[in-house]
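First subunit A sits with subunit B, and in the next complex the same chain sits with subunit C.
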Partner chain A sequence: MLKRVHYRSSYLPYLLVAPQIIITILFFIWPAGQALYQSFLLEDAFGLSSEFVWFDNFIELYENPNYLNSFARTGFFSVAVASLSMSFALFFAALADRVIKGSHTYRTLLIIPYAVAPVLAGTLWLFLFNPTLGIITYFLDAFGIDWNHKLNSSQAMGLVILAAAWKQISYNFLFFIAAMHSIPKSLIEASAIDGAGPVHRFFTIILPLISPTTFFLLVVNIIYAFFDTFGIIHAITAGGPGNSTEILVYKVYNDGFVGLDLGGSAAQSVILMFIVVMLTVVQFKYVERKVQY
Partner chain B sequence: MSTIKIEQIKKSYESTQVIHGIDIEINHGEFIVLVGPSGCGKSTLLRMVAGLETITEGIVKIDDEVVNDLEPKDRGIAMVFQNYALYPHMSVYDNMAYGLKLMKLPKAEIEERVQQVAELLQIEDFLERRPSNLSGGQRQRVAMGRAIVRKPKVFLFDEPLSNLDAKLRVQMRMQIKTLQRNLNVTTIYVTHDQVEAMTMADRLVVLKDGVAAQIGTPMEIYDNPLTQFVAGFIGSPAMNFIDCEVTDQHILIAGQTLTRPAHITVRGKLVLGVRPEHFIESQSVGLQGKVEMIEKLGASILLYVSCENNPQPIVIQCDNNENIKIGDSHNMVFDLQKMYFFDPDSQQRVS
Partner chain C sequence: MIENRPITTFVSHSVLIIGVALIVFPIWIMIVASTHDALRLTQVPLPLLPGDQLWTNLKSLFEEKDFGTPIHLTVFNSLVMALMISVGKISISVLSAFAIVYFKFRFRMFFFWMIFITLMLPVEVRILPTYEVVANFNMLDSYWGLSIPLIASATATFMFRQTFLTIPDELMEASRIDGASPMRFFFDVVIPMSRTNIAALFVILFIYGWNQYLWPLLITTDPDMYTAVMSIKQMLESGEGEPQWHLIMLTALIAMLPPILVVIFMQKVFVKGLTDSEK
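So, the complex of A and B:
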């Protein structure tokens, strides 16, 4: 039970939450409202004239095969990034959990990629895989693989997935290792006495017990792949070759700021916003229920 | 038949040694209790037998087989943990069957064994429930069931009752003891509760600072403690320790002079130990003091009697007596056969 008497004046509580509300309005509600409004407009490239067209922009998107392809591509991309980064993170966390000496060093090293800015991460991988200069390209050549992500669209997709997943491993690792640490040590010991080896233990005890974390990370990773990978894609492929790495968020940028179709681009971002809202709702619903075990 | 032999076992973490060479020989079916204050190494010792801690030096033998380098699962042990360590994502049935499945037993046999043990422990009604839906006492029984169902050679208990409330603890204490006697399985039990230790043990190992201070049956240790520490630790309420000096004619206690009883042969500055229950009702002259506090336990009462020149009040247990009031002077007469003397420096018993 909250007591009302704590604040006698009526304006103080409002004053105290005001900064947070102002920030939210300024940086979220207002731009989101603008985007929503803009998605109903048809504007010329210079913003001189505009016409209210209701849902025309959305209908056009729905009929545009390019957009639908980008949707499918984004789905593939996000699932690939989430599963790759999560499985690597889980693997590293399982190993780091067993390390006794120098575990601090291990963890610090594994967390470093998280501190690298997305564009830098993209550039880093770009150098490694540069078709003419890249060191990995050079070694791949020795195995008879001709690497050129500027021409080969599946190689381009592979590279952005790799770069995006690499950057997210640290984040996932942190959560996985924290979840593993929260499992009582005696549970692991009890299963060791019961006769389970490390691998069996991992699959029958540890993995089920960290499932709430896994679920949380799955949602976070999908949101990451949808939105935060812009910098990486921009630095590595800029959506090319062709449109082969143009995921939704990149298409918003491309159509709006390069193609100057402001209304269509706004409609796309509204759809993206809707997806995030849905994902967040799903996550809250399940996290609230706390994945029973 | 299963016996355990612990020979000169030692444990060090890096440069600090926590266990300094302990020898224990345990017979088949024996209930051994390791007891001591926290940090004395009792859990560490148990975990070394279980194989959860490495052994720095010394030998652990189960059935004359050296198990130092065996994995916990190959030692034929089962362990009950303080926090029960039940798998929270499995039903009670799966918790108990987990180890059996790993032994690759046929399904029918697993079912039969789990059923049997569940009936024995009266948990057959909630085999399908998750541990989170059980009470503390039920969880405790499930943890026991998981240990029993594996038919181990040795049971290891690591303070299994310390998370239960006082009444349930007394009940479970007897249940565990009865169960162990019926199953006739060699058992090592760790506790810091000396009442638990006294009531359950066939033999007690009193540990202090990584050394076995004394090993023996509960009554042997109660009647004949070898050190001041053991004397103070075993027995409740704890033994009184009073500085004294024994001369040829007298015993000087707290500034008072008493006649030396003939059978006391030791001399010098010593510590006298007397249990609260070893004072007698008598008209003869004893130690004089003033009643400072009275604790009524029902059948008996505890008197806290202070003497001048003695820092601690002396605790006396006597029959319920309404005539004694706070502030009364009290004549304390020792039971002459039950006086213990300790060397103040070495803490060893002298007689």
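So, the complex of A and C:
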């Protein structure tokens, strides 16, 4: 934490931390406190009067089937994104780990989605699956599948999951390949001499040894799906059709900025903050201990 | 390679090529769509091979005023925002990490935890109150408003803290014996030794800054302040009937080109930085 030898200075360290601390207070601590405070208020739509209502906003959320559905939807969405993205990334990483020639080219192409902004990723997939024009829609039509995510809510969900998972493949791939590279070659060689084939080795040696990375990625992917997919949903479905793709972060925005329900939106923010805190704690607990199963 | 299995290797390559092709497919279609004219993009099936309209489309993005902000303006805004966020984040966190690692002072742990908390509050979560703060400071529709609220970052501070802890103590002792002040030591030893980390962090933060969407969407109302990434949504919604897909795709292509180029050309340092920092 601290160096064994260190400086003593009366004012310098305060000066050094000041910029970060000031920005943190102004744009993090203060707004978070405001959200917490507002979540206990009932405000009219014009912000003219407000009333302290204790936990009413939370109780209202708890009793609101819309919100509970959004909760369940977010859970499904994040698990689907995490598992889809991670399994593809793991598959590619296992193959790329085997080959020598061209592995650099594969990696270069596979990291491109990382650099694409969520809203642009959403736009690309929206274009591919456009109900009237889309190329993939055209091919699906040949198979007798009628694609219209503007009307069909499960297709809409499928599309946002696909776009979100696509964007996250790069990140997962890089971590999986790094984890595989750090496995001692001698272990793989020993089992190869014992006659284990590549597939057998993957399941009995590689997979167990990279499990800490897998767990780390699972948490990161869930955080990603919870908070970083706003742009994707905003571009593809804007929460629709109905509310079928309205995940929690989207609902905070929708209720606060579009619906102007400040108290309700703030209460949702507070719940989200609580979720992030829990996920971060899980992540850090793991990072500290470096569990190996 | 452990053993020589030509068939397995061949299969691996084929599957990888198919997989990579699938991943890159949306990007390819975007490039193709941006090289055709509006008429061709209304005829099903859409083309799979590039056309010859790239130049014409490009010109209309620069000129057509009624279609929204000209592209060079939004790209410039994005660039300013991304640079302010990445340079700002790196500067404030390298300073605070230096203080936390190398100084003993009152409230050191308190400050550390305060920074740690920011890790847990993505902008999406505290969006409304942050908006109010920025509005109160009169920072709406300005570069400051676009970048400053996103600048505080626990991630960068942690990464620098980690790096500084690996710098041998002897270096600091030596510099102290030579009579160098803390800041001299900071600029002459600490910064040069963290060069790779700074570069890696720069790539990650540049992309983070460039790709911001919700925040610029909320705080900019002046079209001259729109960023490249957020202008897409305006184009998707603008006008009646079908969106102008050829121009949308070209805008998307231009908006994603800078971060893609940064990632590809700084790949080595980026990959190392990403997997080492582990957040």
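Everything that follows uses one rule, which is that the second predicted complex is superposed on the first by the 285 of 293 C-alpha atoms of A that agree within 3 Å, B and C clash if a C-alpha of one lies under 4 Å from a C-alpha of the other, contacts with A are read in each partner's own complex, and residues count from 1 in each chain.
We take it that a contact is a pair of C-beta atoms (placed from the backbone, for glycine too) under 8 Å apart; a residue touches a chain by one contact, two chains touch by 3 or more.
None of these values were measured; they are calculated from a predicted model.
Asks: Please determine, from the superposition on subunit A, whether subunit B and subunit C clash or fit.
Replies: fit
Asks: For the superposed three-chain arrangement, provide the angle subunit B-subunit A-subunit C between C-alpha centres, rounded in steps of 10 degrees.
Replies: Vertex subunit A, arms to subunit B and subunit C: 80 degrees.
Asks: After the superposition on A, what does A:184 contact: first (subunit B), second (subunit C), both or neither?
Replies: A:184 sits against subunit B, while subunit C stays out of touch.
Asks: Now for A:29: first (subunit B), second (subunit C), both, or neither, which partner does it touch?
Replies: A:29: touches subunit C, not subunit B.
Asks: Taking the superposition as given, does A:224 touch the first partner, subunit B, the second, subunit C, both, or neither?
Replies: After superposing on A, A:224 lies clear of both subunit B and subunit C.
Asks: Just subunit B (first), just subunit C (second), both, or neither: which does A:192 touch?
Replies: both
Asks: So, does A:200 touch the first partner subunit B, the second partner subunit C, both, or neither?
Replies: First partner only.
Asks: Which partner reaches more residues of subunit A, subunit B or subunit C?
Replies: Larger number of subunit A residues touched: C.
Asks: Taking the superposition on A as described, I'd like to know which of subunit B and subunit C A:209 touches: first, second, both or neither.
Replies: first
Asks: Across all Cα pairs of subunit B and subunit C, what is the smallest distance in the superposition, given in whole Å?
Replies: Between subunit B and subunit C, the shortest C-alpha distance works out to 5 Å.
Asks: Check subunit A for residues that touch subunit B in one structure and subunit C in the other, and list them.
Replies: 189, 192.
Asks: Where on subunit A does subunit C make contact in their complex?
Replies: Those in contact with subunit C are residues 2-9, 12-14, 16-17, 19-21, 23-32, 34-35, 38, 88, 91-92, 95-96, 98-102, 106-121, 123-128, 132-135, 138, 166, 169, 171, 174-175, 178, 188-189, 192, 198, 216, 220, 227-228, 230-231, 234-235, 249, 252-253, 256-257, 262, 265-266, 269, 272-273, 276-277, 280, 283, 287.
Asks: What residues on subunit A touch subunit B, complex-wise?
Replies: Those residues of subunit A that touch subunit B are 184, 186-187, 189-196, 200, 204-205, 208-209, 293.
Asks: Which of the residues in subunit B end up touching subunit A in this complex?
Replies: 50-52, 71-73, 77-79, 81-83, 85, 87-89, 98-99, 102-103, 130, 132, 146, 150
Asks: Considering only the defined contacts, which subunit C positions touch subunit A in the complex?
Replies: 1-3, 5, 8-9, 12-13, 15-16, 19-20, 23-27, 29-30, 33, 41-42, 44-46, 48, 91-93, 95-96, 98-105, 108, 111, 114-115, 117-122, 124-130, 132-134, 148-149, 151-152, 157, 165, 169, 172-173, 176, 182-183, 207, 210-211, 213-214, 218, 229-230, 232-233, 236, 242, 245, 248-249, 252, 255-256, 259-260, 262-264, 267, 270-271, 274-275, 278-279
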